[in-house]
């Protein structure tokens, strides 16, 4: 409850608009929820690629002056939340390199599961690595391809990579988007309105809305979109594979106003709340969300159950900044810094508390105690997703299994730990019934049914280890880590 | 709609706790919504007063290291939103001075209406001023008093000042709180739990909640509370006056989880929404708030009217930081940077949009156009307060009358400007019916019924002018101004 | 040797030039050696006074953008090296206040010896103090004067103050300079060349040189210069007193290229070196200076003695910045970070080492050991000033007597401590013979012959104590203290 | 005159000392004159390599806290002055990469002349480049070598590279130094004193002096020194080549207290001054240097000629920081900000002005006009090196030929441009006679006799161009460029 898994990345690209860098800046701002640790933009004016990246939030990294130096009519941008404990400038994207055919820049949302083997092979062939990004591996594969066309090089490279990826490449004169054959991470295609026009490809439709671009369609699983002065071309170069869209995008990752599968995430979340009410009804006085992510599901639960919806927890709007709790303090204030329980809303009430998921349970326990402390009579926790028992290897920052409370405890034990009166999780079947039916989903975090097999002999934890052979303190490390602004 | 008047200040003081500075820091963090431009703390260890103040948010101004240097068991703190166009370090509080009896520090939430006359008189008697703060005038009056006791000096000084004030004074060995006889701005008294104990006096109860202090009661209008090692003493040194508590604290300024008049602000705002539904019913499909401040009233409206509540506008959680829109941009994105309208919630719907107030109307107009653009069929604006027609001179940052749309336009004209289908404001009577009945209120911003008469020959604008004779560019001026984090 | 007393302040003012702030910025840059801890400029455009001050060096405090906001054709500026251990923004100058007659700004180089009594009297009359600056006392005296003309108020105020001062006042329409009757600190009057013209008054002529202003003459002891649109007027409002110009300006404080008493400081210092050679000849192979301040005296010594001059010590040009020696280091590198001894210049040589003064002797001892370590056969220390035995109360940052090695040790003991072979100080008579003969001097630091009597019952140390009743941590405190860039 | 060519880099490495990072920090501080734009350290604790690099001066880039995170007993460090117009973080060193055998870090002082060809070949073989550093090419060559031992890989890589290089490699357990066969850039070997011991290899002996390490000998041209727990081994793996040490290190680049060829640079420069006096005597009253770099040669000139030495130009000790001249200023102050001419030293005198070199001549012209303006009767310019007519391709930042005044003008024309009375350059023969005779020299900047042939078809300018295909704005770009602190 309210400590969340984190999306690793958001991507944005634009081609054919004189204000490419400004639009990318705005698009990344709309995608900030997908990554808060670093931000970067690469721009091409048809001849020279210019870029800037730094640790920090989009609004802090880019000034008017820096944007004005990013010249050209095509650009790609990236926001990042690292999977590792330490985030570092060297791992910020875009990655911009020179290779045989000139400059190429890349941004990626996803994760390559055979990265370890590929890196080993490339090193054996004489490649050197300056970061721990999967994305650097893809660049090496492209550089080593003997194909002539950049599109063919990209395809040859990605055929060797197994995993989840939604990638944008920027060359001198092209913007190329590729989504992995399973379509694990989202990717939307849009068109700028007005006479200037321009093509936009990005993680979520909320970025299109901000810049007033028209949403055309999602980039399809396994599709490659090539945008150039010749127009927009599309290819399906990969072996077709089963749709396995990340179902957690519907539960938590995507922004409520984004549209996926023809429906807003907000509506999907309300439906999850309704289903939750059907599966886990309870006799109670009020339904309250954990703000803000639990709001749509709580509204759905309220609608279905007829129990009134209230904002029983008020959040401090300034949390999410660099608040440092005094360490010498005699108390640990924890979640109170973010949320406060309103006594006269909760006192004497039987309360349904709705949230989207539980990771460790520690924050949830504190919230329940806080609600109890202002006089709630009963507390019924309802979670609008199934228990999260398995880590994700496809681009999400998840703790190891032993830290997932649902992986190591029974429902009853979790309820006891949370100090709630009752606890109800949504069923896997219920979950699938609420999301758009136009595709199938990866739900491995609930079912261990991984879309893409991992290497036989290596676990995700081992994967992380090998990435850390270089421990780089780059400038940005000094900046405090900032949480998601909720 | 969603461009607001701004509270000028929040204050916090603690006496008798070894972690006085840390507690003050946390308390100011909870009061951050009352002022975002500067923050300061003064501390006394019984011998020496130490202080730190800077432009910026509480979490940015204070580091662990700075807090550790603020030694002592009593402290006062201040957050500020300037009334002037330019905010300056010289006007940040606490104001700390040496005078005949030693050091005295002061923080204030309020405004002195006869500041101009008092400053003139003091200057004629040889006083010099280093800031444009009213508060500096009070310090001079105290220093010039011939009384022996500091309490008597304070009373003598404040008897000369007319206006709204909730002041905390910190001397070497006392914390003294004074609230003006009309009790215009709020002030709460609390006690720290646990064996260490300690007394807390602050603007709102939400600050008590965060540090887990018990809320005892409000400081009464005209009351002086003196906290020392002798305990807590209380006085009523001023001529009794009519209660005139700021009714706008209930509408917008205070935090929803704060308790005033025995009830949470959240409940008062829901009641305003219910009353609004009674006064201005409409046949519609959904009720949506302007997030976040319009949420409680929209819930109340929904409850009373039976029309379903939806979150039709999604806000970007990262707004409120230093986002700079690229100036050379071909479009102005304005409110879209903060809010996005969810098409499948709003399309084809008759929508009731609830907000707490309208200042200029420019933002509201943009929001309504955004809702219309995603297909809303009808848009009915409902405001949970009466039209704001008159500026406030008691500690609120209000534009001049000509910029208040309700001061210069009829209801019909405002509706036309907003491009809404219908528009309804709460009545003054309705407003008074919804707020706690244990006191009377200042509602001059709606009625021109000012609690305290202004100088005959001077308007508020003239008042502002004289304050600006020194135009200081202090260090903090370079930091970008940050809006309220909504 | 090479740990020095520090000048407290440099001042600069200009009247009647459209680029007043820019010229002041440049002038302060030239006077940076007189104070490195804070810098500030106040500007008047005839109506409004604007100012900016911050902790730090001139070049760091002022940006193009800040300078552009300092509008008007008259300005004053200040650089400061605090006398107290902690330097604070609240004590930075200019001090800008509103008083009965409008705004007045002040910068001062000097120190008031009866500050304690005056502050007491002013506080008893109801004045409040926001800083520990003497200068704030002067402003209060001016504000309390019942005279009508600002010039008369200034004279009345300064007649009550005993001490050293070279002050510039800036009002809306006048620049007023006053130098104390003894003329302890320097003050030069110049005229800008070119058709625009303009009058400049500043601490040293090197500031005039930089902005290509013509040096007219020194402001005389006890003189008041009033610059307005009416031209430049001069007054002698004070009781005449004996000239007591600070002789240490010739020895170390002033820049070598400044002219005082009709001769460059460089020539005076060379003459001190020649006299030193006459008083303390020695049979040696080379003369080396402690760079850079010892260079002119070493050249003089070499010239007089015929012993060749060499640069045996090479200094690191990047010292003086914020170099922090790693604390966990096993060694303390001390002066080696600043200076390195050149082995093949010094090895096997009998070396005369010339410096201008010795304060504690600790640095000198390290330098001598360093010279010995590269093989010098004999080391003869020659100091171009008499032993400094008494603290200065007239605007110089001096340690207490017990830290002055010459105050507590015999010549022989100092020589032993330094580990030099011989040690020679210039005589007081020799010193007086070398400086311009057009005036008499204050040499109290050598002779205890104080120009102005201190209060009977208070020592300088007590004076410092009372100033510290407010212990303010202002923003600048966090910036590391920077030494003089030598 | 006093606008100089710039050394590109300084390097420092230490092996076998528990405070490796601290010692490297100090060593880089001593080598700061060799590069002021970026600084970096990489450290190995035998298992993990940690590093930090940033734009800025050593003292600004490294804090106590960052140093404490750089753990291990071996380290390498680098200071850099870019050859390109824009300096960028991506080109800062050390370069740290993962390759087949683990991590390797590299710092280099020098330049590879066949970089363009090598990069082309590597790209054709599939390598990607993330910077414009020559050094990245060397790393690729090492990674692609099929040798087993890292030493053999390094040799194989460097055999393909033609140019000047003094390189340090840091692996998990070794520090490896290589100097190019011509020995163009300097490299010194030292041993830490004390029981802890440790080996140091660095650009100049002044870095050894600061950390109190003993100077053992120079690393020889073509030598490879391998330092490990097995001790210090030495190899000569390259084809022997003629000594071609950079003669300009003696004229300007190296610090005066460094020892090269058994003698201090200071002594060499004095000898250049003496030879200059022999070749270009003149009847004059005083000899003055352009401080500080001209001082030793001026002393030599004075000694040989018997004309008295004076410091006629005084420099502002605070120059070299980020001084920004106000752009809207009516005057350009230029060199006056750095230097001031002392009237009573120069007035009426026949002055010999000594400097080490002339690049464009623009600064020299201003200095001569300044000297003339204070009344000098005659000005005789004497340069302690021959005319610089050809750019350097071996690690020095030189302008293109058309900007070298001596490349495009006769001696007479230069004299006219400078407005001097006479002008004398040292002869090439004279220069060679003054420097240590134990080696031969590269003097291509005077003679076009390049030590290493450049590519047939490419000039240095073309070389620069190809490096700029990626135009990166990395974080450090915003920091103002700082000049050498003179």
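A, B, C and D label the chains in the order they appear, each numbered from 1.
In this text, a contact is a pair of C-beta atoms (placed from the backbone, for glycine too) under 8 Å apart; a residue touches a chain by one contact, two chains touch by 3 or more.
Remember, predicted model here, so these are calculated numbers, not experimental data.
Chain centres here are means of the Cα atoms, and by that rule the chain farthest away from subunit B is D.
Here the CA centre of subunit B is 60 Å from the CA centre of subunit D.
Taking each chain's centre as the mean of its C-alpha atoms, subunit C lies 36 Å from subunit D.
Contact of a single residue of subunit A with at least two other chains is seen at no position. A ring topology is adopted by the chain contact network, closed into one cycle in which each chain touches exactly two others.
Pairwise chain contacts present here: A-B, A-D, B-C, C-D [touch as defined].
Partner subunit D is touched in their complex by these residues of subunit A: 48-54, 66, 69-70, 89, 95-100, 102-103, 119, 123-130, 139-140, 143-145, 469-476, 478. If you check the complex, the residues on subunit C that touch subunit D are 19, 22, 25-26, 29-30, 32-33, 36, 57-60, 63-64, 67-68, 196, 206, 209-212, 255-257, 259, 263-264, 266-267, 292, 295-296, 299, 303, 308-311, 314, 316-318, 320-324, 326-331, 333, 336-337, 340-345, 484-486.
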